[in-house]
Amino acid sequence: MQKLRFLTSGESHGKALIGVLEGIPSGLFLSTEDINKELKRRQMGYGRGGRMKIESDHADIISGVRWGKTIGSPISIIIENKDWENWQTGMSPDIEHEASISPVTRPRPGHADLPGILKYAHSDIRNILERSSARETAMRVALGAIAKKFLQNFGILINSYVIQIGSVKMGKSKCGIEHQEIDSYSKIADKSPVRCPDEQASKLIIELIDEAIKHGDTLGGIFEVIVTGIPPGLGSHIHWDRKLDGLLSQALMGIQAIKGVEIGAGFSMAEKKGSELMDEIYYDKENKFFFRKTNNAGGIEGGISNGMPIVIKAVMKPIPTLKKPLRSVDIITKEPFDAAYERSDTCAVPAASVIAEAVIALVIADAFLEKFSGDSIDETSRNYNSYMKYLKEF
Amino acid sequence: MQKLRFLTSGESHGKALIGVLEGIPSGLFLSTEDINKELKRRQMGYGRGGRMKIESDHADIISGVRWGKTIGSPISIIIENKDWENWQTGMSPDIEHEASISPVTRPRPGHADLPGILKYAHSDIRNILERSSARETAMRVALGAIAKKFLQNFGILINSYVIQIGSVKMGKSKCGIEHQEIDSYSKIADKSPVRCPDEQASKLIIELIDEAIKHGDTLGGIFEVIVTGIPPGLGSHIHWDRKLDGLLSQALMGIQAIKGVEIGAGFSMAEKKGSELMDEIYYDKENKFFFRKTNNAGGIEGGISNGMPIVIKAVMKPIPTLKKPLRSVDIITKEPFDAAYERSDTCAVPAASVIAEAVIALVIADAFLEKFSGDSIDETSRNYNSYMKYLKEF
Amino acid sequence: MQKLRFLTSGESHGKALIGVLEGIPSGLFLSTEDINKELKRRQMGYGRGGRMKIESDHADIISGVRWGKTIGSPISIIIENKDWENWQTGMSPDIEHEASISPVTRPRPGHADLPGILKYAHSDIRNILERSSARETAMRVALGAIAKKFLQNFGILINSYVIQIGSVKMGKSKCGIEHQEIDSYSKIADKSPVRCPDEQASKLIIELIDEAIKHGDTLGGIFEVIVTGIPPGLGSHIHWDRKLDGLLSQALMGIQAIKGVEIGAGFSMAEKKGSELMDEIYYDKENKFFFRKTNNAGGIEGGISNGMPIVIKAVMKPIPTLKKPLRSVDIITKEPFDAAYERSDTCAVPAASVIAEAVIALVIADAFLEKFSGDSIDETSRNYNSYMKYLKEF
Amino acid sequence: MQKLRFLTSGESHGKALIGVLEGIPSGLFLSTEDINKELKRRQMGYGRGGRMKIESDHADIISGVRWGKTIGSPISIIIENKDWENWQTGMSPDIEHEASISPVTRPRPGHADLPGILKYAHSDIRNILERSSARETAMRVALGAIAKKFLQNFGILINSYVIQIGSVKMGKSKCGIEHQEIDSYSKIADKSPVRCPDEQASKLIIELIDEAIKHGDTLGGIFEVIVTGIPPGLGSHIHWDRKLDGLLSQALMGIQAIKGVEIGAGFSMAEKKGSELMDEIYYDKENKFFFRKTNNAGGIEGGISNGMPIVIKAVMKPIPTLKKPLRSVDIITKEPFDAAYERSDTCAVPAASVIAEAVIALVIADAFLEKFSGDSIDETSRNYNSYMKYLKEF
């Protein structure tokens, strides 16, 4: 039986998003505020459209938490859609509202629209786009916030920042080694309207976004997520599907519009020689732990965390809904058309980095619980501490 | 209940590798030769060391196949290790052979060695490296060969080739659109000693490898896997862990030394605008199907296959075992040492591309069975054909 | 990837029960009423206490259904607790309400109370009993109603009735062979206040319950669930965890207070000889199908449905909360005490049989989808019909 | 990710049975002998036919164990079929041996034969019966032996004995409370030719079997498995599929010919009143633990182990292969026939009880690892001991 499981549900303009997370030990301090602050971070970012203001998401904890602490039973969360009153008939579960709004018959390239209706045999694309929409990620952020809170108990922090949007890249990050530096990077990122800790790059990105808005175009980019405080030994080499890097990749690639993932030095490793990339091993005799001075491996060797920060990057494609006319085919008439779409977001890379933190938190929390288990935070802590002590004595 | 499951086992110098694959429908034609030809492809490649010759892997089918056809029950495969007689005591399961060879106490950077012994509380690194070794991938290739054979029944082919090793990149591939071209690329790749279809690049890569051998260094690179003949509708947008791109990423990242994965235009999308990347939608009225003239999405939109070839790239880091001295720390004495390792392989990227085909075949076969199910090939075919007919009538 | 997944959540006196069911094909007609009528059946039954009246459960469909039909995305359901206003502080997620009601420190024998607090390290038993309560089964009934509706499309019906409560057993059922008879049994059962189709037994059971109420005691019993219209070929012999009987047993045993499960002739088979129990095989040449004249196997051979009705019985222990004083130990003081409990239900066997229908529907729907798959009801139907045609031609 | 996973494979007359068990911590002492002694217990029992002598199963450990201890990687086991040389062509994987023996076209009632060929679209029943045969359970016993060895480290023992065969029941067992008594029961059972600890019943059963042999008939029966030394807290009430009783039921019902399962007082609870069945709670102040003087619950409350022995019974139907003529229908001609079968076993209940120990060991080991985790036996022990200490201090 898997330790941590969750399911999310909800359509973009439905009544609410609902999520259930099962397997979190009892005794974890958890408040609505812990979740809402992450939902708020997800909604920030220069270049977002009007909806972000409509939303201002708020999570309600319906079960699994009592008097500020988890009790061990499944945690369920509701995030109501503020816009629901306008969609009560259009998205109603009741057959009496059938055909209360016109069907969407023009699939947008780059979305789930076309493969989705073919797979699910729909004639109204709304039945696909309502679920494929990135709106759904609000719930992943909410559940990820719980995972984050859990990991904080063990000094594990998950931070992110944008390193490239369009043609603008930040100056080379020296991150991934010094915890202190990462923290400060992330704090600066949280203050940047584009979540980029490089002030100069941040400014240029805003200019780029402004220009894209003007042309009705969109922009993608690259962000980096860094997990610090992680002990060696999460994940495993013994079977391919236990490898931590594989699990993290799936989680990141499972975010809307993500098209690539790399760990540590990633794709840049292709050009280098083995001798240039090795993270040589050192031992701190005083504090009794193994360490590295470089982190090309991005904190994972053989599918196992090695105690260095986990560093993982992902690329987000430009949002495929443009104001520029795009060619597509009506699914009913099979006639071509050129259409522009109403779309509020020009660039969602900053939001994607926050979503990435959440899904990574869920993977790491699961791996952590697989190693340390525990039905209460006290028990998990005992097991964790006993392992940390063993490491010192290794 | 999941449709397709498998477990692999076996140590690098153990008696044998063993794999069990469960869920393949009955009635699939399958011979030992189907498997062995893939094992042979895995062993080719310029820059491999001596062991590849020792191995010349041969698979035995122990169950699940009778008189040339699968019968529906779990298929088990054994690949004996040719070298076993030299390791009968060193890797014996019997306690009487304890300490018959010296323990390995010096962890190699870039391998599972150090995190592995910390996690599993070993004092002999051999207990880790024997399983973390890429030797294990022989079994994934064997099981993947079965998945490939299954997919061939439905016209789904999985090909690969190397596009970069070290600093040498092949001329820009125009692949991913024309099936014919992909086939020919792949056939040429199979004849290249480095699995690169570009003759000029192939030559330069061999020179690069020769030089790396001379310096005791190693090389990584990038390969591309292309899945053709795939119908629209595999994977799903409805839940993150059903997305086909996520599942493919996990499988690729789960191969030893892979540090990055990208789908379609991948990381290059960061720099481009939305308007440059759209795969506009067309409809062929005569043959009744939707298609695209470009494939930046790499065949997957919203986590669902869209009917275009699936194009996925991965980067392999240089093999981290070098003849050059590397700094590490003895796990017993905690003293540093500088050591060179005996290692036969200089570059394993060509082999990795063959392994990648196998793991991708397993993911696609599972997604295919999730959509079309069937307990016999006949039933799967009926269901598949009925869907293909529906698509024409959509 | 598993075809059908679900998670339930919610505490007995929490704000609401929440459930998410993922994997139901698109295009299934589904209304709130389909769910509510099953919730109502669950609440009936002579011998229930006051709460059943408070509850009068009502399900809201929050997602996955639009205009009366499923759309393929996860279906989420909320059942609000009518009594919530009285528990807003006692069961609040907010830390500010801490200690707003007294902790429960006296574990009841026969409940999860004692093992639960030991496992989850609680000092207030309410943190266990709120989730272990059978209140949670309302959500399983709601989700099971969806599975039932799905199965009805294929002529698969799931019925149940009580065959024993306390010392009163109904006259020997001749069920399990004639569909017609089962239907009528079930219809009569639905009208009996104790869901027993034998009028005489029904009357005696009511007397027994009245007597138990008088003495503050409780009663258990045995019920039978019968699945008709099921095609041969669900489940499989090839791996233990694919066996349909195993999956059904787990689902039934997972209902509160169920302590035994038997299929077909079940435990009575111990006493008989092989020659007395065989369901000999016949063939109807006109209608082209294999059949049996007896059904000792209960519709499953080798873990596979054989086309006969699936017949499965379960025993429910008497509800362990009595008005009679029982000995237990306070978890704080460790002092013994003799205490009577306020408890409204005297016998919940009729409700358990309805819950059993629901969990069996979920297992059968999953097995059905594993065999026939389909992302839309149309596709599932095509696959199903093609198999039924194949059976005729076998 | 699930902690413990396994797959088995192999046909009854194939070359070998193969199993892979993944997730056992490193450092567990394990020898071939640990496994073979369980295989031997499975083969004993009065009333078995000739094959049991042919078999004399022997397991080979192929991976996962080095120098007498597990190393954390997947453990694979081979049990060769002694009879293979007679079946080399009849069960060959090679197409060249096609049709080397005649197909089986007459399905036996009570076996997977008929539903199996319909499901998998075979015309030779051998393709089903080779896998549905109870021969496969040898591998479950082998893997279960590893689980048993693991559990022994924590004082958890799994014993069984036969309590009924045909019409003969042993005198009422007083088991389930006193560990000492269970041990002695089990030791006596191991010496009985029918695994029944009641000498008088044992004698009568042998007479019954002799009579059944004479008439070409077969016998079923009931056995009991008792798990002692289990701490409170395995399994969970929080979600139906985490309940330990459900998981145990599935495992038992997944054994060939098992048709019913009950926990503790089981079906006998239907007739009793709540007040007669309560296992009142006591506290031993000296040794600091909660206990009961009765065990009607069979060691599980609310799906969670409560620290009392787990007591679970199962019924095995008489083996459905008789020498008496039975009516069936030829699958090719559709003509009825009356046929007697060659069958060596008259009663396999003693063997089933040994198989039951194995599958229960696998479930308990998984639940144990879910609670205590650990990648090495040392780590699991630390976590377990820390919990046991916590229980004392509760």
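Each chain gets a letter, A, B, C and D, in the order it is written, and its residues are counted from 1.
Please note the rule applied: a contact is a pair of C-beta atoms (placed from the backbone, for glycine too) under 8 Å apart; a residue touches a chain by one contact, two chains touch by 3 or more.
Source: prediction; values computed, not measured.
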Between A-C and C-D, the pair with more C-beta contacts: C-D
From chain C, the most remote chain by mean C-alpha position: B
Inter-centroid spacing, chain C versus chain B (mean Cα positions, whole Å): 44
Chain C and chain D, separation of their C-alpha mean positions in angstrom: 26
Averaged-CA centre spacing for the pair chain C and chain A, given as whole angstrom: 37
Two or more partner chains touched - positions in chain C: 7-8, 22, 72-74, 119, 121, 131, 233, 236, 238-239, 241, 247, 371, 375, 378-379, 390
Chain A-touching residues of chain B, taken from the complex the two chains share: 7-8, 107, 109-116, 118-119, 121, 128, 131-132, 140, 164-167, 212, 215, 217-222, 232-233, 236-241, 243, 245-256, 259-267, 269-275, 277-283, 285, 290, 292, 296-298, 301-307, 315-322, 324, 326-329, 331, 334, 336, 359, 371, 390-391, 394
Interfacial residue positions of chain C with respect to chain B in the complex: 1-3, 22, 72-74, 233, 236, 238-239, 241-242, 247, 366-367, 370-373, 375, 378-379, 382-383, 386-387, 390
Residues of chain C that touch chain A when the two form their complex: 5-11, 14-20, 22, 25-27, 29-32, 61-69, 71-76, 78, 91-100, 119-122, 126-127, 130-131, 375-376, 378-379
